[in-house]
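Notes to accompany the following structure.
So that you can tell them apart, the chains are marked A, B, C and D in the order they are listed, and the count of residues begins at 1 in each.
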Amino acid sequence: MTSRHIPLEGEIRIPSGCAISGIFHKDGTRENGERIIRSIELMHDRSNGLGGGFAGYGIYPEYKDYYALHVFYLDASFQRETEDFIKEHFEIANQGEIKTRKMPEITNAPQIWRYFILPLKTKLDSSELDEREYTARCVFSINTKFDKKAAVFSSGKNMGVFKANAFPEDVGRFYMLDDYEGYAWTAHGRYPTNTPGWWGGAHPFSLLDYSIVHNGEISSYDANRRNVEMFGYKCSLMTDTEVITYIFDYLTRKEGLTLEEACDVVSAPFWSTINLMPKDKREYYTYLRKRYHALLINGPFSVILGFAGGMLVLGDRLKLRSMVVAEHGSTFYGASEESAIRLIQPELDRVWAPDAGEAVIARLEERSVRA
Amino acid sequence: MEQGKIYLSPEHEIVRDNDKCIRCQVCERQCANKVHSYDESIDKMLANDENCVNCQRCVSLCPTRALKIRRCENRFRENNNWNETKIRELYLQANSGGVMLGAMGTPLDYPTYWDHMLINASQVTNPSIDPLREPMETRTFLGKKNQKAERGADGRLVTRFNSPQIELDVPVMFSAMSYGSISYNAHESLARAAAELGICYNTGEGGLHEDFYQYGSNTIVQVASGRFGVHGEYLMAGAAIEIKMGQGAKPGIGGHLPGRKVGPDVSRTRMIPEGSDAISPAPHHDIYSIEDLRQLVYSLKEATAYTKPVIVKISAVHNVAAIASGIARSGADIVAIDGFKGGTGAAPSRIRDNVGIPIEVALAAVDARLREEGIRDEVSVVIGGSIHSSSDVVKAIALGADAVYIGTASLLALGCHLCRSCHLNKCNWGIATQEPDLIKRLNPDWGYKRLVNLVSAWKHEIMEMMGGMGINSIEALRGNHLMLRGVGLNEKELEILGIKHAGESI
Amino acid sequence: MKRVYVNEEWCLGCHLCEYHCANANMGGVTPQDMVRNLRGRTIHPRIRVEDGADGGKINFAVQCRHCYDPMCVKSCIAGALTVEDGVVTHNPDKCVGCFTCVLTCPYGCIMPDGDGKVVQKCELCLRNKVGAPACAEHCPNRAIVYEERGVM
Amino acid sequence: MAKKFVIIGNSAAAVGAVESLRAIDSDAESWEIVLISDEPHHTYGRPLISYLLFGKTDEERMKFRPDDFYSANKITTMLGCTVTKIDASAKTVSWSKDSYSGELKYDKLLAAIGSVPFIPPMDGIDTVPLKTPFMKLDDAKLLQERVDADTRVFIVGAGLIGLKCAEGISKLTKHITVCDLASRILPSILEAEPAEIMRNWIEGNGVRFMLGDTVSEFKGKTAVMKSGERVEFDVLVLAVGVRPNVALIKDAGGEVNRGIVTDQFCRTSLKDVYAAGDCSESYDITSGQTKILALLPNAYAQGYVVGRHVAGLEDKPYDSAIPLNAIGFWGKHILSAGSYVGEKYEVFGKDGSYRLICREDGLLKGFILIGGNDVHDHSAFDRAGIYTNLIKDRIPLDTLNFEEIKDRASLKGFTAEARKRKLGGVER
């Protein structure tokens, strides 16, 4: 009797419901992963054990100029081949297995490695690409080439993604996140509806320093995917998070839009609203909607986008998914539920639910560039 | 030259229920083909079946429903190889030595892929959206979307759009039907409906009657191989200019408006002598290559100071994807593809029934090709050729079209009963005719309302289907192949259409 | 008040209005009623189509205009014609068939009925089973419309 | 306080005056109306008396207006009261009823007092046991009572009244003789040849004519004719003619010709006194002559002008009067209007119909349309009102294609523009 193959991310499109949470210190203060684990743990019932993960920013100060690749080797025999590829394209400053804790809740763990790298000068020059594009393309190559046997799941500078096929609080303890200190943390608990879950498919999803945690199921997926794929992206995981990440990457890195402008593309106001705006705003939104029509995101989502030096919270244009943000002193919080913030910071200066499609962005204050 | 007598039984026969007939003679007065007549000596209505084209005018207007028209039951000896139509046409050709002519789209039973695609809807994980409660956006812009983001000196985004666009309230337009092939009142209905609906209609190749310049912002003016009625003012009059390279119903051949349809108004509008046949050559004689096309595109842009988007319309032929790619790189703003089931005022039946490819596969192929080449945003894609309903529109958009053209559907809304006799100039519904007493049968005051109703109804249905999919803006549907599933299609068809089979997960 | 208006530009001369008028005023509504009422009979419609104006090209239907100052009502010797809510209404019970109204109606829209004993005229189908002008409802080209236009 | 408008009369002119005044002064705020009539009946259609005899109507249905007419229009009625005198300087009318009498003050007065039968002196008339004019409801009721199948009726006068009486009474008896001094019937509305058509038709329906002959002497139930012939009869109907009832106005010092002289608002020469209907004269626009147009439509129209004038409106004068007649005998109808002057177009139809169209100075002046012998075929006079309208509104015939419609009245002779006006809107 042959068992039926249950398709994984990348083989089919995976929508899912979820919990997300984020902490951001505008003054650059760093904290370890303990509070973000507690916050996401509270929303245990919003995930189902088929995926959890974290992204921390400012966690590798000693290697802050290097791209930190986190790689799953789901089949150990692919490690050599993958490392050959990395060496072929990059100078490796440091490499080693990421430390984890043995836990009964975490099973089938792959080999998990970390590499601090910089592009080889010669290769970079001959590619005629900028450093980020070069690195991004190499990441795509590995993920495509080794097709879920080896997967790069984190590739930014001075940041790192930690994820696994389990409940998020278990994932946090598994990776011993209390040993890392960052000025920003995001977390994700996953509730996929049609996948057994696999390590590479857990969230956050990241590309370079962009990491996204996402709660929702976007109905514009294929329209968005087919558009960004024209610009060199390959949506190999077929998840919303992946395509949202690429959209932001494309709009900001390739089209040169600001993050705010990118948000106005993906969660554009309705025409009925635009028509009532003053002329310059009307022209601005009309331009964005006409020009980037295929990157409008439809359907329910709330996302926390982490990036170097900032954090963005954004919901869909109809506000079909919950999202609460809060401030306490210079610390900014965002989570699917207010309780997940109150648990770790009972006293808050301000708590609010952003409007449909409204982007809330927190950035490091100028004087606090310790990251 | 006609040879001998032809013995063919009529195609249709009039069945009159004499118990119901009240001899009001409405049928007689309404039949331009002179089928019905009243014989006083026997106090009966008689019918000359041979003249009947089965346009259903008499049936529709008979106040006591005493009439029906059925296929003549007389049959040649049964033969699945040489069927009735084939034998009949062969006899006719043997008799006349002529080319078989037909109108409207092919009546043959080729697959309709729309009917083999099903649309998705949201359940649980993603809420459907109620268009009665939430905004549901169908506004569509046609034109190039390839502009690089630029910033002014103040760092702000430049929001001026370089390429002219057509703005549509709903991604449906009335396809090209020339004044001449259809009546003044049909044109007026289309123009007024387009204006009220916030969409566009298309002049076809017959020029623009002076009365309709007022609807210019809802008009696409066509430039075809005959160049009828084309002048500077005409080009500036519309919202866009369409270069007609081909027509789905008759790829590779030109057009012919018989002189009897060229009355004073048509003559003035087309700028040809009254009573003369209007012949459109098969190719544009200044376009023998893609680079020639580029010259015409830019000539038209120059002539209109780059204020009008240029559409290039082609028939869906075997190599359509590559041709569309060439057009996308020719400077055209929009490529329109007309499927082989598209309608026509008159075409050689053999061509109509045997040349070209279905629009669904043409669209999928073109869209995929443009994306592969990364030039999908260089052009908008408009398709036509047998869009029957709002679900076809939804499927077309999901398959990758920006908008659709409807021709036959719009004529049906105006009363056309698809008798496929447009070329005879005796349209009993006042649509495809230039006879004054027949033209008046189409009152544009209600004709335009029927078109408005049709498109409004479709818009409602489109919004319902979009809402069901959890989509509230048409751009999120465009090219969204995951919203489609095939049924009863083979692997190859699914591959070309770029969709999964029903039952496969998302 | 809503009235029946005729736009000859769109009149096809099909005469359907006459048949529907005749049927409606014989108590009919459906096509079956029409068969029963009109088959084998000469019809006596209250609306009439004039064919062949302007050299044969123009047709148009005519029925009572429901004048504001109706000559017919003023001249009726029997008090059989009255204005009810703007509708010029005829009471056949009082009518003696003198045809003074035929002589005075400037539109020629009152005519002897089928028996010729009294007159008949359009009452907008407000008193028959159709309830609204059957001519307008069944005009295939909206040449006859029933609508509010005010006074010219 | 409301002023008092007194109306003498209870027929078409009186009703016209009431309805036009009340259309403006609907709540009787300005005008109180008092209506005096010597007839005791609710207002009835006077020409209907022959139809009453014929059995086409009855007393109830003959009512010219509904039962609530007087109350709905806030009218004080004095029915059965005869006005005996008008004092125009004191502005009073004197009246009597049986043994009562009285005076009534008025602010405005309308004399709608109709006409009276004209009976020339005839020898032995007093010896006739049963004789009556045919003018009023009571005359008809008398005939209804006294005529049965054996009764021989002798009608003197072959005009409209005499012949309508003959038709009406034909339901009661077959023994009807009509004589007239004139050699043709209906001289007031028909020329000789159409009159001949009608005579044949009426004779065909059992009426015996003695034309060009008159009574020289009555001897009880026998009339001795000028020709020497003797006519035996039981009932005599005197329908020689009528005269406008001018006595009251004349006695009050008002100007009177054949009828009461009035201006275009129906004012008499007496201050605040109007006259309307059969008692007054009208200006016939088709002949340019002042005439007695003793016709119900004209009476109503005159009354209508009076009512508006009393209310203070002078916008619609009585200025388009024309002779109008629609009359039928045993199903054969005559519709005529205007004057038979100028260029004549005459058609004698094979079907027994007759058509006369008269044009002068580019205008339609008059017409006679007589139906065919098939009483169900009305095509000969169908839509005659279209012609009437051409006469009344003095529409120049060169503004339409009259040739197209001279054989059959229709609107298609008008221009598209005119039709659009007529059919596309409502003309007030």
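Throughout what follows, a residue touches a chain if its C-beta (ideal position, glycine included) is under 8 Å from a C-beta of that chain, and two chains touch if they have at least 3 such contacts.
Remember, predicted model here, so these are calculated numbers, not experimental data.
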Look at all chain centres (mean of CA atoms) and spot the one farthest from the centre of chain D. A
Which chain's mean C-alpha position is nearest the mean C-alpha position of the whole protein set? B
Report the inter-centroid distance (CA atoms only) between chain B and chain D in whole Å. 69
Chain centre separation (chain B, chain C; CA means) in Å: 42
So what's the Cα centroid distance for chain A and chain C, whole Å? 78
Express in whole angstrom the distance between the two chain centres, defined as the mean CA positions of chain A and chain D. 103
Mark out which residues of chain A touch at least two other chains, giving numbers and ranges. none
Pairwise chain contacts, counting only pairs that touch as defined: A-B, B-C, C-D
Residues of chain C that touch chain D when the two form their complex: 3, 5-8, 50, 52-54, 58, 60, 62, 65-69, 71-72, 74-75, 77-79, 93-94, 96-112, 115-117, 149-152
Where on chain A is chain B touching in the complex? 7, 12-13, 15-17, 193-194, 216-224, 226-227, 229-231, 255-257, 261, 268, 270-272, 280, 283-284, 286-294, 296-300, 317-318, 320
Complex contact set, residues of chain B against chain A: 122, 125-127, 129, 134-135, 137, 139, 141, 145, 147-149, 151, 157, 159-161, 165, 371, 374, 376-377, 469-473, 475-483, 504-506
Using the touch definition up top, name the residues of chain C that touch chain B in the complex. 9-16, 19-20, 23, 31-32, 34-35, 38-40, 57, 138, 140-143
So in the complex, which bits of chain D are touching chain C? 12, 16, 45-48, 51, 56-57, 61-66, 296-297, 300-301, 304, 324-328, 331, 333, 335, 337, 375-376, 378, 381-386, 388-389, 393, 409-413, 416, 419-428
